[in-house]
Each structure stands twice: as structure tokens, then as C-alpha cells.
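In the two complexes that follow, subunit A is the common piece, with subunit B as its partner first and subunit C second.
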Partner chain A sequence: MTEAMAQPAKRNPQKRAVLPTLPPFSRSRQALTFSSRAAEGRLCLQVCGSCETVVYPAREICPKCWCSALIWTDIADGGRLIAETVLRTSINTYFRERMPWRVGTVEMDAGPTALMHLHGDVEHGAQVKIIARTDKSGQGVLFALPKMETPNMADDRQLRALTCDPKFRRALVTDGRSAIGQATVRALSAAGATQIFVGVAEQWRPFEGAAELAAMPKVEILPLDVTDTDSVNELVGEIGGRTDILINTTEHVRPGASMERNNVLIAREEMETNYFGLMRLIQAFGPALRARGADGDNSACAWVNLLSVYALSNWPTFGTTSASQAAAFSLSQCLRGEFAGSGVKVINILTGPTEDAWHQPLPAPKVTAEGIAKAIVRSLQQGIETMALGAVAEDVLARWREDPTVLERELTQVAAGASR
Partner chain B sequence: MTIGSEGRYSYDGVVITAPVSIPYQRYSPKPAHWWLGQVLSELGLKANLKPSNVDGLCASSFTLFPDTAVGLTQHFGLTLSWLDHIPVGGACGVVALRRAARAVQSGDANIVACIAGDTNHVDSFRSMLSSFSQFSQDAAYPYGSGGPNASFALITAYHMEQFGSKAEDFGKICVAQRDNALQYANGLMKSSLSLDQYLDARLIADPLRLYDCVMPCAGGEGFLVMRESEAVALNLPYANILSTIERHNAFPDDPVQFRGGWALDVDEFWRMAGIAPNDVDLLQTYDDYPVISLMQIEDLGFCEKGQVSDFVAANTFTNEGSFPHNTSGGQLSVGQAGAAGGYLGLVEALRQVTGQATDNAVQDANIAAVSGFGMINFDRGLCSGAAVLQGAA
Partner chain C sequence: MTANALAGLADALSNGDIRVVDLTHTLDPDFPVIVLPAEFGQCARFRVEEISRYDDRGPGWYWRNFSCGEHTGTHFDAPIHWISGKDYPNAAVDSIPTSAFVRSVCVINCSKECAEDEDFLLTPEFIQQWEQQHGVIPAGNWVLMRSDWSKRSGAEYLNMRDDGAHSPGPSGDAVKFLIEERDVIGFGTETVGTDAGQAHLLSPPYPAHYLFHGANRYGLQCLANLDQLPPTGAVLVCPPLKIKNGSGSPLRVLAMIDGSGS
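Moving on to the complex of A and B:
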């Protein structure tokens, strides 16, 4: 049974910080498809379009019938552990630093057998639940969990290497003024975060929920205005070395397309918060997080961006906001590149219209602040890098994956948005 | 040249001769070319051949990059009518013998030098494993990077559970091989090993312990293949090839490897040889881990699958024992010199049946079975092969 994790000891500041080492990152191009699905928390393998054989490891043709149409498909997550070992030596430094390490052969219900990382509670010969996640090198790996939830399951050392669990970690939520920010703070607190820093711009200006926020244990309210470079830099001086998770919930949303405005003032404000705000945060906090990616059980582990799903494809009803969101999405990809090798994941939560004043006239379904907060914490606990939240975002993401050019037609045709 | 009962031509008239082993070193600053060159040089001395006398070359090496066998022709001053490069790891000795014998038999070549060798720099092993194959890169190496230790730990655990092999059985094989190695000058392991030492050694990858694992090293091995009349003219002791088999990717649907290609080809193997398993005087198995030696004993018909523990208990495996096995100490005690590990057993068998083994000679050795196994491409060894050699009287 997994032993409950203890609160990590404070780091001795006189000791050199542990530099991140990485599990092997080289993969074939086919295997990158597996990694991209794993980043979404999906267990996908190639399935032969002709004989339906599930193929693993990734190939170029089906080994049973030589059909070349191998289709990446979500597969059944059941399996059985049929052989296991505990590695006590490794030729890779990352694993060598983390010995012993448990791996085993799992006979998957879908057909193939595969080598997987094993959760400590998986018993010999037992049924398992298979998940695919990205590891510290950002590549997809298979992991076998016990079929049924066990006590302290998330505290398993090998599983925690794939997740960004807020438990015993310190998080910064960038916007305490909003309902979304406040809900996120509550969810992080419930998930066992050690400390939650909350940024609030223009603290002299009252806001709804301020008293409740201030009264919450483990919460520290700090001045932060992402449109002000000095403000961001002051904050990083104070808490940069103690921030394990950064959650950027700050957003500036206004309805309207280009021609509904006479100038670029609103669009500039959108960019100032949604794009330059993100960039200021990255420039200040990025290096601090990146340097602490291997800093023990409460290492820096994740950067979370809350983005509109219309970052993927413009929705003219919120046309200029969509454009600023697209810029932010692009910058998040850049950030993923900059974090590569650090062990810090970039997590993008894609939402559709939310329950707030700016989306008030739109019909349901809309996403609530509580729903967003839950999704943020779930993505951290599960180590999932891309999550679409709510029916609208899931629908848009599915269409985008199927064909982004068709989605563009759908979103921009006559009367587009009338149904949303 | 006769056609056997399987419809395969015999190897009548073609022989294997001139066993050469270059003493192994744990680490070597020299490149693979040097080790292969030493083998060729020794072959030349042994058979009194000049570069112009050899018209066929078959080479195996993991560390020859950026060269292949082609580059070796210029490097070694060879002008050839026949050339082969065999990348099947632990099966490369038997496979080279098969290829070379048919080349000589058909007249495509007259004298083929079969050579295998690898260097071992301080970081060679890690860099080879990290780019060994696409499947291992995608689906094995990221899972703890245990290398072959991890793969064989799983194979061993499965064999113990399903077929009743025990740590004591593996230990008996390893201890006997160490005894044999102490009689063989070229081995890296020079100290004795007891069963208690074997059982008490530190775990490497459960259930594998330290003495289950080979030590990577540098070394080279080789032999010549030619017409029988040529060997007689050169006054070389030689052996006849009674039988061979080769198989790649046998039993792909076995969930964990518990048998190799030998199990598919075993009947043909002994029929072609015209003898039964108990007619052999000694057996050389590929022994990168003892479980694989036991698997070869089962799959080549020396005992039934699942009975190997009893077989091990009933026999002794030293050179004086009831079942002489890996008579030079095998890779477990001599070292694993990359592709040369695929030649080690074959070259040693050739020494034994041609009366060229010295301190470790098995008495009256005349017929040897040799088995090869190679290439953990993902989760299992893909290549298997075996041969029966009989020393010419």
C-alpha cells in the first residue's frame, strides 16, 4: 500500500539546487503521435484499418496483414500484469537518481503486451488500469495503475513523476479578483496545496469575495498587475523561488469583431492582458520555475494557462479577443519549448463561453468558475497538458482536430455565432 | 553434395577451421577496426594466408560505425568476390557459418574469413543501448533504461513462474562456467565463484543478481570456412558441419518470451545432423543471462520444456562433468565483447572438436552443438540459430 507522503522538508539554501536530468526523449515520428495523445491524457495506439489488430510499438504497416492504414485510436485501458522487475541499476542518469524503479510487462485487453511503469500498489498477476501520460522529458509513456483506487494512490513516487499534483506544493493564482481565480484558490486548498499566493491588481479597489479570500487559511494575497512590468517583477522577487505552480487566470474578454470598433483601444487592452501579460509573467517567473524542475518532492512542476478555445480558430462574435487568445496560445507553445528539458509542464485549459457578464446573452451551455477550477486541479493531479472544458470547447477542439480549415468555415460562415 | 530429408543440401565438402580468439579487455581505447584487424592477422598466421589468399569476408560488429564490412575491405587490403555484414548479435557466429559455407559450396568464394569484434570505450555501452533499435527507443528504453538487464529480468521472472526454473539452477550454471573459465586463459573473470556467492550477490533487476549479468568488454573472435580439400592442403585441423538452423522473430505472439526459434526448428536440426541430442560431447549456448542457456537446453531437445530444473539437478556442467557446457566459461565468465559474443561459443566448440583446446579440453570431444541468440529489438531476442560440428578424425 502506498505510504502517505510527508510534507517535504525545507530546502537548505546553501546546497546547490539539483539540476534536472531527463528520462530518454528520443522517439520515432510515429511515437510522437502517441506522445501528443498522452499529453491529452488519452491512451491511443495504432489500430489496423483492415484487420483491426492493435499494433504496439508504433509501426509503418500492420504486421498481421501488411495494410498501411494504421489509425491512432483510443483503446481499452484494461490489462493484466504478467511479469515484473525492480530495476536497481540504470544507464540513464534520471533513473539512476531514482532507483529502485518498478516496471513490468502488461498484457493489454486490447491485444498487445507492453513494458510499462508500475504503480507500487499493482500486485503481481493483477488486473491493471493503463494510462498514458507525458514524463519529465515531455514524451508519452505507459503507466499501470491498480484497477481499483487505493489509499494515497496519487502519492506513489513513480506516478508523481508524471503528474503535477498540487499536494504539498505552492501555487500562484494570478487573478484573485475574478470568480474563476477565487474558485481556483478554493480548489487548490482542498487539493492539499501548502501555500497559495493570490495576485490582486489595484488592491485599493474593492471586489466581491475579497473578505472570504483573505480569511482562507494558507492564502497570501499579493499585489499583481500583469499589465505592469514593475508589478510582475516585484512579485517574482518576493515569491519566484517558492512558486511551484503558476496558474494564469487573468483574462480580458470583450465581445466584438474589428469593424464593431473605431480604433484599436479595446484590442490593445486585450493584448496587454492576454498576450503581453502572459509574456511578462513568463519573463519573470519562467526562469525561476525552469531552474527548480527537479527540486525534490515539491519541485516546480507546472504552468497553467486558461485560454479560450477560440484561440484555435477565430470566432468573430468575440473576434478581437479570439485574436489575442490565439497570440497567447502561440506563446504557450513557445513556453513549452522553453521549458523542454526542465521537467515543468505547460498546461492549457481551453474553455468555451463562461458564466459571466461578458457572455451573459449567450445561450447555454456555459462553463462555471467552479467547473474551471476543478478542471485546473484535475489537469494538475493527472498531469494532463491539454484539456478542453465543457461541451462547447470539447466540440470545437474535436472539429479542429478533424480539420482546422473546415472549422474555420463553420465559425465564419453567414450568421456564425447566432447559435452560440 | 546430397539433399537431406528436409530438402536441404548438406554441407558435405565444406569445413570450418582456424579458431581464433583475441584476449578480451574490460575497456579498450582502440577502435573496433583494431580488434577485427587482430582477428584477421591471427587467422593469417594460423593458416599461413596472405590478404590475396582470402576472397570472402563476413564481419559482425556493433561499434564499427561509420564503417560497414565494405570499408574493411580497403582497410584490410582485401580484394573480394564475396562480402557479408551480419548484424544479428548473439546469433552472428552460426549465421556467418551458414552464409560462408554456402558461398564456398557454390563456388562464389574459396576462402571466407568470418570475423567478429567490438571495442568497449567507457561510454560505449550506454550510447549503444540508447540507440539500439527504433522499438527499444520508443517502447523499452524510456521505462527505466535498464537495458538488457530489464528485458531478461522479465523473461527470467516469467520462466521461473511458468516453467519452474529456480535461482539455484541459474547459479549452478554460472558457477560451473566460472570453473571452466579458470581453465581458460583469455577470460576476464579470474576468481572462483561459489553458489553462496552467486545467491548472496546484490540484486540488479529482480530476480537477476550480479552474477547473472555479463560484463561488457572489448574482444574479437574468428574462423575460416573453406573446402575440405583446401584445409587438408593447408594442413589445418578442421570440423565438418553436420547441421544448422536459423530463425528470426519466431513465436511473435508469445506474451513474454519463454522459447526461441530453436523450438520451431529442433526436429529438422537433429534430423539433418543425423544424431540425437545425447550424442553430443559438449554444448555451447549463448549465455548473456543463464535463463537463456536453460531455454536453449529445453528448446534444443536436451530436456522437455518445464523439466529443466530437474535436468540441471541431474547433471554437472563443468568440462569434466556429465554435460560439458560453455567450456571456456561463456560470456558470463569470459566477458561480452559485443558481436564477438555471438562467435565465442562457436570458436570454442571448434577448438574443442579439433583438439586445439588446452587446459579446458573436454576429454575425447568430437561432436559439439553450438547455439546462438541475439537482438533484443524490443522485449525479446529475435534471432536464433544452432549448428552441430564434428571434428575430422
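Moving on to the complex of A and C:
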């Protein structure tokens, strides 16, 4: 049984912050494919198109029939632990700092036998549930969990190295004015966050839920307007060194395509919030998070962006908003590059139309604030870097993966034709 | 005579016989601006971005870009701001005759009434009562409505509720009275607009905007320190930025008052 994690001790201010070190990294295209699926929380291995052998580790050709058509496929997550050991030494600095470390050999139900990281509650010979996640270097790794939930399972030290669990961490939610922001605060509180900083812009304008937000325990409301550089810089001066998770829920959404605008003002407001707002947050909080990526059990660990799935391909009904979301999505990729090696994950939650005033005339299904909040916390708890939320976003993401050029036609021509 | 008057003015300014009062709020990113229903275009907030500050972007100098709307912060309203004033010649901030920017000013103190009633409306009767004490408002004067609203901050300033903003302003009849009976050149307030918070429910809606600008008169809003002005006898200095075809402009508003007693 995993021992319940205790609130991490406060850091000794006389000691230097621990700098991040990294587990090993592979750069082949096949290894990166495994990693990119793992980043979505998917357990995918290559399956031979000719002989259907499930291949592990990733290869260029099938080891059995030499066919080169290896297809990345979601596979069954069951397995059995057939051998285990505890590493007590390593030439890798990352693991040296974390000894002892438990690894084992799992016979996967899908066929291959693989060496993987082990949860502390997995016993020799037991059935396991295999997950694929990205580690601190961004590489996809296999991890064996107990088949059934065990007490304090998420507190396992080796598992926590792959996740961004908000438990005992301090999070900043950038927009407390919105239903999404408020639902996220509630979800973080329920997930055991130590403290939740909530940014509220323009406190001279009242907003729904203000009193409930202010009354919540562990919540500290602070002025933050992502369109105002000074405001962002003042906030980082106050809480930058204490923010372990940043969740950017601020968004500016308006229906309309280019020709439905008589000027660039609305589009500029969208860019100011969705793109430049994100950039201001990155410039202020990015260095602070990056520097604390290995700062103990409650280190800085995640940056969460709430993005429209139409960042991937423009939906003219919300055409200029889509364009600003595309800019923000691109910047999130830039941020992944800047965070590489820091141990801080960039998590993108992609949503379809949300349940709010700007999407009010649209038909269901729409994503609720509570649904988004749950997804944010789930992605943190599971260490998943990209999550499509709701039927619309899942569908758009799947079609984008299949063929972005066809999706573009579906969104710009079929959808436009239907509305004509 | 004129030369003597100017020399006298300069002397009085330097020796303190004339005191200069600042009626302007600081341009601050977090200062409230008027908020329209969300489907309308919105007034830009005041924003600043640093170009350099004695650093790698410019080692020896500090300078910034700022952006805002024509109606952000303490600002001037030109007649073309409103549809009723759109056809006047010389009615934009760059073409208004400059003599309008330096004028005598009457200050009507409504602060007690506004403290009791946040939707207080200035009426012709109230103005006439004021005149019984301070004399008839001379033609060509600015008239400022003192509400002490500038002492409010945060959410208290716009005072927004579910049915809109609640703040004082002039009634339609008061505006007509000031134009037709007193021929004032402009009207100023401490609130976010020259009209009351609930002025969309008046007839005509937004009477200060509709009628003053419809009569080619000017507006000032988000003024401060009106409690430092005498009811009469001060001179207002309020030149807006010379923005081509501008509907208004943020500006520094000053008043010259008798300082010989202080």
C-alpha cells in the first residue's frame, strides 16, 4: 500500500534550488511517435500490417516478417509482472538523484514483453494496468499500475514523477470572472491543491459568482489582466516563486468571420487576450516555473492552456477567434520548446463550443464549465499533455490527425454551404 | 491693456495669487471606462508597453508606447461624438475653435444630493436655486456638475448592477435649459460620462450627449477635484489632443482659481 504523501516541508531558503536533471531521451521518429501518443495518454504500439505482430520497442520494419508497414495502434492495457528489481545505482544523474527506483518486466496481453517503471503497489506475478506517459525529458515511457485502484495510489513517488498532480501544489487560475475559471478553482480545491491564486481583471466591474469565489477556502483573489503588461508583471512579482501550476482559462471569444467585422478591433481584442495575453503570462511566469521544475515533491510542474479545437483548423463561424486561437496554439508549441528539459509540462486542453452566451444559439453538444474543470484536473493528475474535450473536439482532432486538408474543406466549404 | 492683463496673469501665476488645480485622473490601466452591452464595440482601456528602460532595448533611455480610446480616462467630448452633432463644421477635436478650451467656469455643487441619491438628476429648478445664491450663469461659460463621484473607486465608481450603471447626471430639461436659456459652451461631470448611469431610460435617451452635441456644445467627464473649485470665478483650461477628426480625447484639465486667500 502506498503511504499517503504528507505536505512537503517548506524549502530551506539557505539552500540552492535543485536544478532539473533528465532521464534519457530518444530522438528517432518512431520513438517520438510513441512519445506523442503517450503525451495524449494513449498506449500505442506498432502493429505489423502484414502479420499483425505487435512490435516493441519501436522499429522501422517488422522483426518477424520484415514488412515495413508498421501501424501505430491503440493496444490492450493489460499485462502481468513477471520479473522485478530495484535499481540502487545508475550512471544517469536523474536516476541517481532518485534511487532506489523500481522497474520490472511485464508480459503484455497484446504480445510483447517490456521493461517498465513500476508502481509501488504492483506485486510480482500480479496483473497490471499499463499506461504510457511522458517523463521529465518528454520521452514516452511505459508504467505498470496495479490492476485495481489502491489507497493513495496517486501519491506513489515514481508515478508522481510522470504526473502533475495538483495535490499539495499551488496553482494560479488566470480568470476568476468566468464560469470556467470558477469551476476550475473548485475542482483544484477538491483535488487537494494547497493554495489557489485566482486572477480577476477589472475589479471595478461586478461579475457573477464573485461572492462565492471570495468565500472559498484556500483561494486568494489577486488583480490580473492579461491584456495589461504591468498587471501581469506585478502579479509575478508577488506569486511567481510560489506558483507550481499555471492554468490559463482567460479567453476572448466572439462569433464572426473577417467580413462580418467592419474593423480589426474585435480581432485585436481576441489577439490581445488569446495570443498576447498568453505571451505576457509566459514572459512573466515562464522563467519562474522553469527554474523550479525540480524543486522537491511540490515542484513547478505544469502550464495548462485552454484552447479552442478550431486552433487546429479555422471554423469561419468563429473565424477570427479561430485565428487568434491558432496563434495561441502555435505559441504553446513554442513554450513546449522553451520548457524542454525543465520538467514542466505544457498541457493543452482543446474544446469545442462551450456552454456560454457567445455560443448560445449553437446546438448541443456543448462543453460545460464543470466539464472543462474536470478535464483540467484529470489531465494534471494523469500527466496528459493534449486532451480533446467533448464530442466536437474529439471529432475535429481525430479528423485533423487523419488529414488536415480534408478537415479544412469540411469546415470551410461543407459547413459554409450548409449555412447558405 | 491686454499686454498688462497677460503680464498680470503671469505674475499672479508665479506668485501664487492664482492657483492651478488639476482636475484630471491619472491615466491608469485599471481606471474604469464606460462599458456598453457586450455586442457593441467597446472603449479601449489605457495600456502601456515599454520600448526600453536603460536596458538592452535602449541603454540610455526610458520610453513607452501607450494606447487608449478617445474616451478613456478624463476626456473631452466633441460634438461629432454624437449622431446629433455629426454635421457641424469645426466640431472635431482638431477643428474646434481654441477659445473654447480656456473659459470661465461655474461649478454646481450637487454632492449632498448625489450622496443621498445615486441616480440624482440635475434639474432646471436646482440650477435656478444655485443661481439665486451665485448669480446667473453667464453665456459662454463651462458648467461643471460636482457630485464628488471622483472620490469613489473600484466597483463603486461605475456602480454597475444587473440593470446597468447607477450614477448622477443632468435631466433632459436641465440640458435644454443650459443650452437655450444660458448658452453654455460645455458641460462636465465627475462620472464616466456626461449623462447619468440610467440615462438610456430618459427622453431623449442620453440627453447630455444628444442635446449638448446636437447644439454644438462640448463635454468633459471623469473630472476630479471639483470640490477645490469655487462656484464661480475660476477659469477652466481644457485643450484636447489635436487628433485628426477626433470625436474626443483624453486630456489634462486644469482650473485657475483665486489663490490670494490661501
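We adopt the following convention: the second predicted complex is superposed on the first by the 413 of 420 C-alpha atoms of A that agree within 3 Å, B and C clash if a C-alpha of one lies under 4 Å from a C-alpha of the other, contacts with A are read in each partner's own complex, and residues count from 1 in each chain.
Methods note: a residue touches a chain if its C-beta (ideal position, glycine included) is under 8 Å from a C-beta of that chain, and two chains touch if they have at least 3 such contacts.
Keep in mind the model is a prediction, meaning the values are calculated, not measured.
Upon superposition of the two complexes on subunit A, no clash is found between subunit B and subunit C, which fit side by side.
Note on subunit A: of its two partners subunit C and subunit B, the one contacting more of its residues is B.
Of the two partner chains, subunit C is the only one touched by A:Leu265; subunit B is not.
By the document's definition of touching, neither partner reaches A:Arg290: not subunit B, not subunit C.
Between the C-alpha centres of subunit B and subunit C, as viewed from that of subunit A after superposition on chain A, lies an angle of 150 degrees, to the nearest 10.
In the superposed model, A:Thr229 lies in contact with subunit C only, and not with subunit B.
In the superposition on chain A, A:Trp204 contacts subunit C only, with no contact to subunit B. Subunit B and subunit C never share a C-alpha pair closer than 40 Å once the two structures are laid over each other.
The residues of subunit A shared by its contacts with subunit B and with subunit C come to none at all.
Put simply, subunit C touches subunit A in their complex at residues 29-30, 32, 35, 38, 41-42, 45, 47-50, 153-155, 157-158, 160-161.
Listing the residues of subunit B that touch subunit A in their complex gives 125-126, 129-131, 134-135, 137-147, 149-150, 153-155, 157-158, 161, 202-208, 252, 255-256, 378-379.
Interface residues of subunit A facing subunit C in the complex, by the touch rule stated above, are 202-206, 223, 225, 227-231, 265-266, 269, 357. Contacts from subunit A toward subunit B in the complex involve residues 23-24, 26-28, 30-31, 34, 56-58, 63, 82-92, 94-95, 101, 103-105, 107, 113-117, 135, 137, 139, 141-142.
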